[in-house]
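In the two complexes below, subunit A is the common chain; its partner is subunit B in one and subunit C in the other.
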Partner chain A sequence: MTSARRKAYGVKGAPYAFLLPATILFALFFALPIGYAIWLSLHKVQVKGLGLGSGARSEVWAGLENYTDALTDSELLHGALRVLGYGAIVIPVMLGLALLFALMLDTDRVRLAPFTRLAIFLPYAIPGVVAALLWGFLYLPDVSPFYFVLDKLGMPQPDLLDGGPLYLALSNIAVWGGTGFNMIVIYTSLRAIPAEVYEAAKLDGATPLQIALRIKIPMVAPSLVLTFFFSIIATLQVFSEPTTLKPLTNSVSTTWSPLMKVYQDAFGKSDIHSAAATAVIIALVTLALSFGFLRTANSRTRQEEAR
Partner chain B sequence: MPNTKLGRLVATSVAVALGATALAACGSSDDDSRADSGPVSLTYWSWTPGMDKVADLWNKGPGKKDQITVTVKKQASGDTLVTKILTAHKAKKAPDLVQAEYQALPTLVSNDALADIAGEAGGVKDKFAEGVWQQTTLGSDAVYAIPQDSGPMMFYYRQDLFKKYGLKVPETWDEFAETARALKKKSPDTDLTTFSANDSGLFAGLAQQAGAKWWTTEGDKWKVGIDDAASQKVADFWGGLVEEGAIDNQPMYTPAWNKALNTGKQIAWVSAVWAPGTLTTAAPDTKGKWAMAPLPQWTDSDNVTGSWGGSSTAVTTDSQHKAAAAKFASWLNTDPEALTALAKEGGIYPAATTAQTSDAFAEPPAFFSNQPDFYTKAADIAKTTAPSAWGPNVNVAYTTFKDAFGKAAKNKSDFGAALKTMQDDTVADMKKQGFEVAE
Partner chain C sequence: MSSLAVRKAAPAAGTTPGTAQGPPLRRRIAFVPTLTLLLGALYCLLPVAWVAIAATKSGRELFSTFTFLPGTGFAENLKDLNAYRDGVYWKWMGNSALYAGLGALLSTAVSALSGYALAIYRFRGRETVFNVLLAGVLMPPVILAIPQYLLLAKADLTDSYASVLLPLVLSPYGVYLARIYATAAVPGDVVEAGRMDGASEWRIFTRIALPMMIPGLVTVFLFQFVAVWNNFLLPYIMLSDDEKFPITLGLFTLLEQGANAPALYTLVITGALLAVIPLIALFLVIQRFWSLDLLSGAVKS
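And now, the complex of A and B:
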C-alpha cells in the first residue's frame, strides 16, 4: 500500500529535487572556484621577446611546474616554519587559558560571572585587523604608553617587533582575540554536564580541584578537540596580523606567512598562476593536518570508551 | 524539524534564484551603444581626490559640446589598481580611462591593456618635459598615456633646528653624510633622517638621480641594470650611513615616524614635491618650520634630480571609444582650466610645464608659508629631472626591494648584497615569464 502510493506520487525523485539547490550552490560557489584555481595552477603566462604590444603574452600549459617551483621555494618553507613556531606558542597558550577561564567561571563561588564572561569574550568581537593595529601601536616604542612607563621606571625596553619577541608579539594578538571564543565553547559544554555527576563526586569526597581534573576536563574533551581543530586551521591561515604589522617594522617581510606569499604573488607580482599553486598546496596541508589530528583524537576517544 | 528543513529549502531556493538573476544582470550589462557619433559615456578609474569635480568641469564644458560624458570611479592608489586593471582587462571589461603610475606603464602595455593613442594625442608632446614624456612612449613611436603629475625629488629640512644645531644645508651627498655625522655628535638622540625600505620609489628615484637605468632594451632583448654602478653607489652610500649609525633605519609612514618628525627627532626628509601634504598630516606641530632645497648632488657640477611618484592618464584597449577617451585625457592634462582644478581639488603637481608656473602655484603650500618661492624653486628643480627607465616587472623588483633592503636595514648589513638580490630576482622573474633578457 505504502509503496504503491509512493510510486504514484513520484516520490522517488523527491530526494534529488531537495538536493538540487544545495548541489547547485555547492557547484557554483565551491567546486567551480576550486576547479578554476586548480586549472590556473596548471598554467602559466608565456611572453615573447620584449613582451610589448598585443599578442606578446599567452597562457600556456605548465604541467606541475608551478607546484615544483613552490615546493622548492625556500621562502615558502621558511614561511611555513615561521607559522609553525607561531602556532606552537598560540595554540597551547590560547587553549590553556580558555580552559582555565572556563573552569574558573564554572566553579560555584565565582562572582560577577556574566560580566567576566563577556569581558573575556569581548576581544573576539574586535576585527583582527583592528586588534593588530591596536597592539601594533602599543608595540612601537615611540608611541606606546608601556614604553613610556618603562622609560620612567628606568627599566629595559625590549624591541617587540624584532627576532624572537616578534613571535610573542604576534602570538599575543591571536591569544588576546581568540581566548574568549574558545572559552565560550568549552564553558558551554561544561554547563551541559549533568549536576548528578558533581553530586556523586562530592559525596565521594572529591575536592573542587579533583572534580575539575578528573571529571570536568575528561568530559569536555570533545569540545577541546574541536577548539584545537579550529585553532590549527586559523593558525595555518594567519594573514591579517602580520600583514597589519608589516608597515611598522622591517622584520616582517612581505612573505612572512605562506598565505602572505600567495597574496604577494597574486597582487604584488601579478602572477596568479604561482599563487594558485601555492594556495592549493596550503589547502592540502591544512586538510591533511587538521583531519589527521581529528582522526587521531577520535580514535583515542574511542579506545578510551572501549576501555 | 520538518519546519526547519522546509525553511532551509526555501532559503536556498531563494538564494539560487537571486544568484541567477544577478548573473543574468551581469551578462546583459555591456550592450551600450557602440557608435562614436552619438553621445559617448566614458568610465575613468582614478585615485586623485576631487577628480569627479574636475570631470564635472569637462561634462559641463567641452564634453557637453562633443557629447562625451566622463564618470569617475574612485580607486585605491598604486599597485593595487594595476592588479585591478589587469583583472578587469582579462574579462575585457577594463574602464575606458585609467590612472597609472609611470613605472606601471610597461607592465600594463605588456599585458596589452593600454591603447596606443599616438594618433589622437601625440600633438600634446610639447607641453611636457622630455624626460617625463619619454616615460609614456617606452622608447617607441607609440604613446601609451598622457602625463598627469610628476614628483621631482627635493630635500626637506627643519630650518629652525638646522640653525639650532649649526648645520648647513647639504649641496652634495658627501656634505649630507657629514651633516648626519655632525648632528649625531651634537645630539645623539636626533637623526638627520631614516633609510626606509618600505617605499621602493624613493630608492628608485635616488638611483635615477645617480644616472641608473634599471631597464633598457637592446634590439629584441631587455637589459636589467638594477645593480649597475650608479645604483651600487647609492646603495653603498645609504648602507654605510645606516651601518655607522649616522641615520635611523626604521620605516617611514609609521606612527613612530610621524612622531619623530613632529617632535624634531628626525630633522630632514629626502622626498618629492608632494611632501608638504604628507608633512601636514604627519607632523602638524611643525608648520612653517620646514624649508625645501634641491636634492644633494653627487658632484659639485651636477644639477639633476630623480622622481618619486607621479602618474599618467591612459586609454585602455577595452575602450569602445578610444578617440573620445584620448580627447578627454589630453584636455585633462593640458588645458589650463583643468590643470588649475586638478591642483586645487586633487593637490597634484602637474606634469605640464606651463601649469607648474600658473596662478595655481603662485602661493606656496600653506605648510610652507615661510618659503614664498616654494613653487618657483620646484619648477626649476622639475626641469632637472633625470630620465627614468622602467621595465615590465617593476612590481617584482619593488617587492624584492622591500624584503631585501628591509632585512639589510634591520641588520645594518651590506646594502650591495640586497641590490644584487633585487637584480637576480628581477632577471629570474623575467626569464621565467619568457622575456628575452640580455646578460
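And now, the complex of A and C:
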C-alpha cells in the first residue's frame, strides 16, 4: 500500500522535476528581462542639480511618458515604414519562390532534384551577417559581376546601395537566405500527401498545373500559414543584415529598422528607458500580429473542417 | 529515423521510376521544373562561388580583375589572415564552435526533458506551461537582449562566455519540436510497462524514452547549432573583448574597420569563405542522416 502510494507520488512529481531546468531558465532569461524592460519603460532618470555626486541621478516614475515620446518620434515611424516596405517585398517573393521550388521538386520526371534541393537549402547554413557581407560586396560597383555585365551592355548602372534599390538589395539578402528553409517545410508536407489523392485526378486527365493549383496548394495550406507566420516575425526583427551593410554605404542609418533604433537608443545614446519603451512597443505589435494571425488561420481551418 | 519513415506517405510520383515501357528519354525529363530548379540553385550558389573565387585574389586584383576570374593571392591572403592580430580569427572560429556546440548540447538536453514531460504526463498546468514557453518564440530578441545585458551587468557577468551561452539554452522551438517528437516516438504503454517493472521515472526517461527520441533530438541539436552559430545580436550586445567574439561578430568588426582600410577587405573575404566551409561541410554530411520530416510533423500538428 505505502509503496504504491509513494510511486504514485513519484509519478506526480516527475513532470515538475523534468520541467525545472526550463522553468528556471525561463524565469531568469525570459520573464525577468521582460519584467525589467517593462519597469524601465515606465521610469526615467531625474538629475538633481548638476548631476554630480552619488544620488544626484535617480530613477523616477515616468508613467507613459516614454511611450508617448516613442510613438510620436518620427524616426521610429519612418523605421516602421521602411520595414513595412521591406517586408512587402521579402515575404511574397520568398514564399512564392519557396512554393514554386517545392512544387517543381514534387513534379514527375524532374532531374537533378537532390542537387538543386540541397543547393537552394544551402544559404540556411550561412549566417545572416556573412550573407549580407557576401551580397554587400556583390553590390559594390568595383567588385560586382552585375555592373560588369551592365557596363559591357552599355546600360545605366543603378546604385544598389541607395534609395529605392537599397530595399531591393536588402530584400534580396533575406530572400536568398530564407527561400530554401521555407521550400523544405512546404516540400516535406507535399511529400506527406498520399499518392492516391492524385491518382483520380490523373485518370481524369488533369494536367500537372491543375493538380498543383487545385490539389497540392490547398493541401499544403497549413504549412504555408506556418511559413508566413515565421516570416512575419523574422521581418519585424530585421537587424543584422542592414547593420552589416552599414559600413558599405551611407544610406543605411543607425536607425534604419526599429530594432536598430532600440539598439542605438540603448547603447549609442545610453537612454535605456526610451529604448525599453520602444522595445516593448515592438514586442506588443509582434504579439498582436501573431495572435491576430493565428486566430484567423485557426478559424479558417475550422470552417474548412466543418464543411 | 525509421519511425518517421513509416509515418511518411508513399513517395510522391516524382521519385518513382518511370514505367517499364515508358516514353523516350526526352519526354521523361520534365524540362520546365528542372530548369526552374537549376536557376534557383544557380542563384543560391552564386555568392558562395563568388567568395570562393574572390578569396584567391590579392587586394589589388579584387578591384581590378573580372569578378569570376581566379586570382593569385590565396596563399598570401591565408597568411595575412593567420597573422592578423596573432591569429585572432582562429580564436573566433573556436569561440563559435564552443558557443554553438555546447549551447546546442545544453539546449537539446533541456528541450528533451521538457518535451518529454509535456508529452507523456498529464498534470495540472501542462497547457499553460507549454503556451507560456511557446510565447517565448514571439519575443523579439532585442526586447530580451537589452534587459538581459543590463541584468547580467548587475551580476557582473557581461563580456563573458556565459553571457552568450546561457540566454540561448532555453529554446522554445526546441521544446516544441521535442514535445511533438516524444508524442510520436514514445508510446504510452512502453512507459507504463516500465513502471510495472518498478523502474523510476528518471530511469524510464533515460533508458527507454531517450533512445527512442534520439533522431528528433539530433534535429533539435542541429537547429540550435545553426541558430547559435548564426546569432549576431546577442554577442554584439554582450561582448566587448574581441578575444571572446564568435566568428559572425569578428567578421563584422573586420568589415567595419575595412571601411577605412580597404586592405582589410581581402581578409574579410577570405575569412568569410573559411567561416562558411565548416557549416557547408556539416550540412553535406548530415543531410544524409537528417530527416527533415520532423518539420512536417511540426507543421501538421
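Convention: the second predicted complex is superposed on the first by the 276 of 307 C-alpha atoms of A that agree within 3 Å, B and C clash if a C-alpha of one lies under 4 Å from a C-alpha of the other, contacts with A are read in each partner's own complex, and residues count from 1 in each chain.
The working rule: contacts are C-beta pairs under 8 Å (C-beta built on N, C-alpha and C of every residue); 3 or more make two chains touch, one makes a residue touch a chain.
In this text the structure is predicted, and so the values were computed from the model without any measurement.
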Notebook entry, point to check: By residue count, is subunit A touched more by subunit B or by subunit C?
Noted result: C
Next item on the list: Quick one: classify A:21 as touching subunit B (first), subunit C (second), both or neither.
Entry: both
Next item on the list: Mind working out whether A:137 is in touch with subunit B, subunit C, both or neither, as first, second, both or neither?
Entry: both
Notebook entry, point to check: Touch check for A:108: first (subunit B), second (subunit C), both, or neither?
Noted result: second
Check: With the two structures laid over each other on chain A, which partner does A:226 touch: subunit B (first), subunit C (second), both, or neither?
Finding: second
Check: Regarding the shared-chain residue A:235, is it in contact with subunit B (first), subunit C (second), both, or neither?
Finding: neither
Checklist line | First (subunit B), second (subunit C), both or neither touched by A:46 | finding: first
Next item on the list: Quick one: classify A:57 as touching subunit B (first), subunit C (second), both or neither.
Entry: first
Next item on the list: Applying the touch criterion given at the start, work out whether A:248 contacts subunit B, subunit C, both or neither, answering first, second, both or neither.
Entry: both
Check: Is A:171 touching the first partner subunit B, the second partner subunit C, both, or neither of them?
Finding: neither
Note to self: Going by the contact definition given at the top, which residues of subunit A touch subunit B in one complex and subunit C in the other?
What the structure shows: 18, 21-22, 25, 28, 137, 142-143, 247-248, 266-267
Item checked: subunit A residues within the subunit B interface of the complex -> 18, 21-22, 24-25, 28, 45-57, 137, 140-143, 162, 247-251, 253-255, 264, 266-270
Note to self: Can you tell me which positions in subunit A touch subunit C when the two form their complex?
What the structure shows: 7, 10-12, 14-16, 18-19, 21-23, 25-26, 28-30, 32-34, 36-37, 40, 97, 100-101, 103-113, 115-131, 133-138, 142-145, 148, 176, 179-180, 184-185, 188-195, 198, 222-223, 226, 233, 236-237, 239-240, 243-244, 247-248, 259, 262-263, 266-267, 272, 275-276, 279-280, 282-283, 286-287, 290
Item checked: subunit A-facing residues of subunit B, complex -> 9, 12-13, 15-16, 19, 79-80, 82-83, 86, 106-107, 109-112, 138, 140, 197-198, 217, 220-222, 249-251, 253-256, 259-260, 265, 317, 392-393, 395-396, 399, 402-403, 406-407, 409-410, 429, 433-436
Note to self: Quick check: in the complex, which residue numbers of subunit C touch subunit A?
What the structure shows: 8-15, 18, 28-30, 32-34, 36-38, 40-41, 43-48, 50-51, 54, 62-63, 66-68, 109-110, 113-114, 116-118, 120-121, 123, 126, 129, 132-133, 135-144, 146-148, 150-151, 166-167, 169-170, 175, 195, 200-202, 205, 226, 229-230, 232-233, 236-237, 247-249, 251-252, 255-256, 258-259, 265, 268-269, 272, 275-276, 279-280, 282-284, 287, 292-293, 295-296, 298-300
